Amino acid sequence: MKISAQVGDKLAEVSVSRDDGLLIVTIDGVEHRVDARKLEGDFYSMLVDGTSYEVSVEGNGDKYLVRHGADEQKVTFTDPGRQARAAAGGGAGPAEILSVMPGKVVRVLVNEGDAVEEGQGLLVVEAMKMENEIEAPKAGTVKSVHVEPGTTVDNDALLLVIE
Amino acid sequence: MSAHPKFKKPFDKVLIANRGEIAVRVIRACHEMGIRTVAVYSDADREALHVRFAHQAFNIGPPPSTESYLRIDKIMEVAKQSGAQAIHPGYGFLSENGDLARACIEAGIKFVGPSAEAMYAMGDKVRARNAMIEAGVPVVPGTPPLDPDATDLVDRANEIGFPVLLKASAGGGGKGMRIVREEKELVSALAQAAGEARASFGDDTVFMEKFVERPRHIEVQVLADGHGNCLYLGERECSIQRRHQKLIEECPSPVVTPEERAKIGDLAVKAAKAVDYEGAGTVEFLRGNDGSYYFMEMNTRLQVEHPVTEEVTGMDLVKWQLRVAAGVPLDRTQDDVELHGHAIECRIIAEDATRNFMPCPGTIRGLRTPSGPGVRDDGGVYSGYTVPLHYDPMISKLVTWGSDREQAIERMARALDEYRIDGLTTSISFHKKVMRHQAFIDGDLHTGFLEEHPELVKAGDNEWLQQIAVVAAAVDHFRRQEQLATRPRGDRRRGAGSAWKRYGGKGWRR
Amino acid sequence: MSAHPKFKKPFDKVLIANRGEIAVRVIRACHEMGIRTVAVYSDADREALHVRFAHQAFNIGPPPSTESYLRIDKIMEVAKQSGAQAIHPGYGFLSENGDLARACIEAGIKFVGPSAEAMYAMGDKVRARNAMIEAGVPVVPGTPPLDPDATDLVDRANEIGFPVLLKASAGGGGKGMRIVREEKELVSALAQAAGEARASFGDDTVFMEKFVERPRHIEVQVLADGHGNCLYLGERECSIQRRHQKLIEECPSPVVTPEERAKIGDLAVKAAKAVDYEGAGTVEFLRGNDGSYYFMEMNTRLQVEHPVTEEVTGMDLVKWQLRVAAGVPLDRTQDDVELHGHAIECRIIAEDATRNFMPCPGTIRGLRTPSGPGVRDDGGVYSGYTVPLHYDPMISKLVTWGSDREQAIERMARALDEYRIDGLTTSISFHKKVMRHQAFIDGDLHTGFLEEHPELVKAGDNEWLQQIAVVAAAVDHFRRQEQLATRPRGDRRRGAGSAWKRYGGKGWRR
Amino acid sequence: MKISAQVGDKLAEVSVSRDDGLLIVTIDGVEHRVDARKLEGDFYSMLVDGTSYEVSVEGNGDKYLVRHGADEQKVTFTDPGRQARAAAGGGAGPAEILSVMPGKVVRVLVNEGDAVEEGQGLLVVEAMKMENEIEAPKAGTVKSVHVEPGTTVDNDALLLVIE
C-alpha cells in the first residue's frame, strides 16, 4: 500500500507492507517495524521499533481520528493519483457546515452570497446552556443557509454550505 | 470487635435526589453503611450508573431538570412510595432549596442538610453579608454609591486600603470599572468611571470596593452536628477556574500555614454558627496576596470537591452527613482533626478546553479509568454510556493523594496518562498541561491563572505525536484494505456511528 | 516549591523483569518519578497490560517462564540494548535469585534489591534459622532427631513448652505426627509416632518441636538504605490462606498492640541487620495464641501484599526501593513512621473457591473495576484480555482503606459488589463471603481459618438469586427470539465463543 | 413466549410478553414488570418492579449463564413439548466429558466399561501448575476414553464419554 497522508499542515508519503507478522510502515523513506495489536474497542497496542504506544483509531473512509493519551490528531489519506486529479480541479469543493452537537441556533451571522474568511464566525448554536460560535473551515462564499434563529438542530444537521 | 455505635446505620433507606457521579458517590456511602438506596431518574437517565447501582429506581419525568430533578412533588411522592427515611440532595438541583427541606419536614422524612432557615439566610447575598459583618467575619470592604463631589472620598479609600476598585452600580463587563492604586489618581478615575458608566448604562452611579489582587479562592469545609459541635476540616484551594467554575481543587492550599488555617477555620465556624448550621457546609473566602481573607459565600451542601478533604482528613463526609442527619453527635474535637499529605482533584469534563471549553457530549466508545496507588476516580459513566445533552457534562472527578503536594501532582500526571476515554473530547489533555506547568507546580495560583497562562488552553501541533498518528492510521487503513479484500460487501460496517463524523463540519483547518 | 532532593529521579530508565500486576505497579511508580520504563514479555504476553504501559517492550521468548521470565541472559541482553540503568525484579520469577543480582553487578547495572549474599543467606532455611538464633530472633524451638530411649525427653519437652509436636524426619502428610499436650502422654506418643513413621517411610526417626496453636501469620515490613538505616513499617496479618498461599492481608493486624508492634519491629530490624539487608524486605513470623512470635523466613523482595502497608503508612514502597537502590538515604527515623487507619487486600484470582480453588483462566468479556473513596485496584488486565494459562492466574489486588478496620471491611464489601469480571469465575464471591463472616469481622483469624469455616468455600443455592437469574435469562431469550425472527440467517453470531461452553463437560449437576 | 426454565434443582413455568416498552415476565403465575436495557458487553440493567439489578447474561442455544455480582446461575429453557419427549426417552443420553481448560492429562482413573457414580473422579488434568480432578457429571458407564496420561489437551477437548 502506497499512499499520501495529511496530518496538521504536513504531508507525508506512506507505504505499508507485511513482513513475518510485523508491518513495515515507511514514512517519507524512513522504515518502522510495527507490531500492532487491535485490542478492546478502538484501542491498539503498537510496538514501533520496540517503543510501546497505546492509540485508538477511528476511521471513516480515508479520514482517521487517532488518539494517543488525550492528544487527538486527524489523518487523511489520498492515493497519489486521486490527489493529482484533485489538485488539477483546484482542490476547493463546497464545504458543508454541519452542527457539531444537538442544540438551538441563536444567531446567523452571514447571508447567502457573503464572502467569508477562514475562521470567520458563521452562526451561533446554543447547547448545554452555552453559546458556541461555528467558524468557517475555509475561505469562500456562502452558497446556502439552511437554518434560522430558533431552529433546533440535531448532531450533524446541515447548517450552511461554503463554496 | 463489635460494631461501634457511631457505625450503626443511621437510616434503613435513603432516597438520592440527584444524578451522575454525586448520586453514585452517595450510593456508595449508603451501601458501605448497609443502607438501602432509592434512585430517581429522568427519561434521559434510564441507563445512567446511579440507576444501575441503587437498590430501587423510579422515573420522575422528561429530561429537562425543571420537569424531573427539580420537581419536589415527584421526588416526595417517590420517597413516600418507597419508604425512604431520608433524602440526600447531592449538590446542584434541589440541594440548596429550602422548599424541599420544608416538604421533608411535613412528610416526616429527614432532609440531609441544614435547616431551610440556614439555606435562606446564606442564599441571599445581602442577608449573608450582613450576618457575616455582625458575626465578625470579614467581607470585601466597600461603600454605598458615591457622590462625586463628596469631600471624604480619599478618607474612605484609605479606610478600605489601596488598591481600590471603582464599579458602576448598573455595570457589567468591565465598563465603568477602574482600578485605583494611589490617592492622587482617585478623583480623575472616579470622573472617568462615572462618565463611562453614563455612556454605557445611562446611569453614572459608581461605588468603591477593595480590589483584591491575584486573589486565591480558598474555602473551608465545616461539619456541624445537631448538638452544638462544629468542626473545620482544613481548607481547599480552588483557584484554577474558568468562567467562575472550578476545574482543579486541592487540599491543603500550597500557601496556607497552620496558623492561617486555624484563623480561617475559626472564621468559618463563626460563619456556620451564625446561622445555626447543621451538616456539612463550605465557607468560601477570597484570599489576597497579603494573606487577608474576605467572606464570599457559604454553600449549604456537599461540594463537588469534597473528596480532597476526605483524602487528607481520612473522614468520609457523606457518611458523616448521614450520621449527623440522624442525630449522631460528632465523635471528635477540633484537636483530633489531622491533615495527612496532600490531595488534588481534576474535574474530567466532556469539553474542549482549546475551543473555549465547549461542551462535547457524546457516546463513550471505550473507557479505562486509572487506578493504582493514591488514585481515586469518582465517576458516573461507563463504556457505552452516552453523556446526555441535558445536564452538566462532568464525567468524573479524578483525585490523587500523595505524601506531599509534589507526589500528588506526579500521581495526577501519571493517572491522567492512564485515563482513556474514547469517543469524546475531554478536559484530560488540559489537566495534563496544568500538572506539568511550572507555575502550577510552584503553587503560584490565583483566579486569573488561565488568563495569565493562555498556552494552557491552546491547541498545539506536536510533530512527534503527528508521526505516531500517521503510523497508527496507516496500520488501521492497511488492515481495513486487507479486510475489504477478503470480506463480503454486506459486512463493511466499521466506521459507522464513528465520532469522526463530528469533525465533518469543521474539516481541515490548516 | 522546588523539587525536594529525595524526589530527584534516581534513574533515567529501569527495566522491569516481571509481568502482570506487579510489573504494572512498578511501571506506575517509575512514571510518577519521570523514569522511562522497559518491559520484557514472553510470546504469551504481547497483549499484556505491562507491555502497553511501558515506554519500550522487548520479547524474551516462548511462554514457559523457564524460557522467558527466568532467562537471566535474555533479560541482561535487553537491559544492555535498551540502556536501562537498573532492573526491578518484582516478586516471584528472579526476584530472589542471587545470580541475577550478580549478573547486574558484572554489567554495571543496579539490581533493585538486596545483595546476592543476603538473598543466599535468607534463601537457605538452615542457614537462615542459625543466623536468626545468633541474632537473638526467636525461632520455633525444636530438637534434633530423638533417641526413643533417652532419659531427658520430658526435660526437653518442658524446655520447649507444651504442647509439642512429634514429627517424622522423613515425614509428610501428617503421617508419624503427634501433638502432645501433657508430660504423661509423651512416651507413648513417641512410640506411636516412631511406629507410624517406620510403617510409612521405613524410617522411625522422629524429632520434636513447639506446637503453635491457631497460629497467625504476622509479618513485618522493613526498609533499609545503604547507609546503615533500617526502619520497620508496621506489620501485616496474612492468616487467611489456602495451601499456604495468602488470600487476604491487612495492616495493621487486629490483635497487635503498639507495644507488641515495637517488639516485633525490633526483631525484624535485627533479622535484617544480621544479613546486612538493603532495600524493602519482609520478616515473616508465626504468632501463637499467647502472643509469642517465631521467625519463619525473610522474603528478600517486595511482597504481593505491600499495598496495605503503603495505604497505612502513606509511603510508596516501590519508589523507596528505587531511591534506596540509587543510594538515597531514608528521610525519616522510626519515630516519624506513623500508621493511619486500616487497609485490607483481597487477591482477585481467576479461580473457583468452591471447586478447591481450581484455576479458571479464560478471556475477560467485560470488566468494571470498583473505585470511589478508599478503593485501590492494582490490576494487570483489561476487558478483552485473556488470562494466560502459563502463569499465576491473579487478576488484580483490590485494596481498601478505612479510618478503622470496620470501615475498611465495609468498603471492601462494597467494592467487591461493584467489581464485575465477565467471562471468568473469580475469587470475588469467596471474598464477599469472608467480608460478611462474623469470625473475620471479629478478627478471630488463624492460618486454619478456611478449614474451621468450610462454609466459605461451598457453593450454595440462593432462591432469590435463582429467581433473578430466571428473569434475566428469560428476558435475554425473548430478545433473541425476537431478533431471530427479524434478522437474516447469516448474522446469528451471538453466543459463539461464549464462556458457557466451558460448562459443557460438567453439565447439570442436579 | 411460554417456556419451562430449570435453575439449580428447580423448575419454573415462564412466559414473556411486551407491554408498552416493558416486558412482562411471569414466573409460576407471578407477574413481574421488567424494564431491561442491554448495555456494554453482556451487561443488562434490569428494573424488576422498580428494583434495580445488574446482571450479565451469556446464552448458548437454550442454556444461559447469568451472573449477578459474583454469583453465577445456570438456566436452561425447554419448551414443554420437547421436555415431554425427552422425559419419554428417559432423559439419559451419553455425556461427553470435555476438558474445562487447556492442560495435560496426568492420570486416568477409570477404564472403558467401568461403572461410575455421580461426582466420582474420572481423570486428573494439570493446568497452571495445579492438578485438577475431573468428576463424573452423572452416574453411568464409561463408554470410551479418548486420552491417556501425557496427552496435552485444549479447552473443550473430548476426554471421555459416559453413558
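Here the chain labels run A, B, C and D in written order, and each chain numbers its own residues starting at 1.
Heads up, the rule we're going with is that contacts are C-beta pairs under 8 Å (C-beta built on N, C-alpha and C of every residue); 3 or more make two chains touch, one makes a residue touch a chain.
Only a predicted model underlies this, so the values are computations on that prediction, with no experimental measurement involved.
The chains that touch both chain C and chain D are B. A comparison of the B-D and A-B interfaces places the larger number of contacting C-beta pairs at A-B.
Between chain A and chain C the centroid-to-centroid distance comes to 49 Å (mean Cα coordinates, whole Å). Separation between the centroids of chain A and chain B, computed from CA atoms only, is 34 Å. Each of residues 53, 382-383, 417 in chain C touches at least two other chains. Residues of chain D found to touch two or more other chains are 40, 54. Interface note: chains touch in the pairs A-B, A-C, B-C, B-D, C-D.
Taken together, the chain C residues at the contact with chain D in this complex read 356, 358-362, 365-366, 383, 389-393, 416-417, 419-420, 422-423, 425-426, 428-429, 432, 461-463, 465-481, 494-495, 498-510. Remark: chain C residues 39, 46-47, 51-58, 82, 382-385 touch chain A in the complex. For chain A in complex with chain C, the touching residues are 35, 37, 39-40, 45, 47, 50-52, 54. Chain contact summary for the complex, chain A toward chain B: residues 1, 3, 5-10, 12, 14, 16, 23, 25, 27, 32, 34, 36, 38, 40-44, 46, 48, 53-77, 95-103, 118, 127-128, 130, 132, 134-135, 137-138, 155-156, 159.
Note for the complex: chain B touches chain C at residues 1-4, 7, 24-25, 28-29, 31-34, 53, 254, 307, 310, 314-316, 340-341, 368-369, 371-379, 382-383, 403-407, 410-411, 413-414, 417-418, 441-443.
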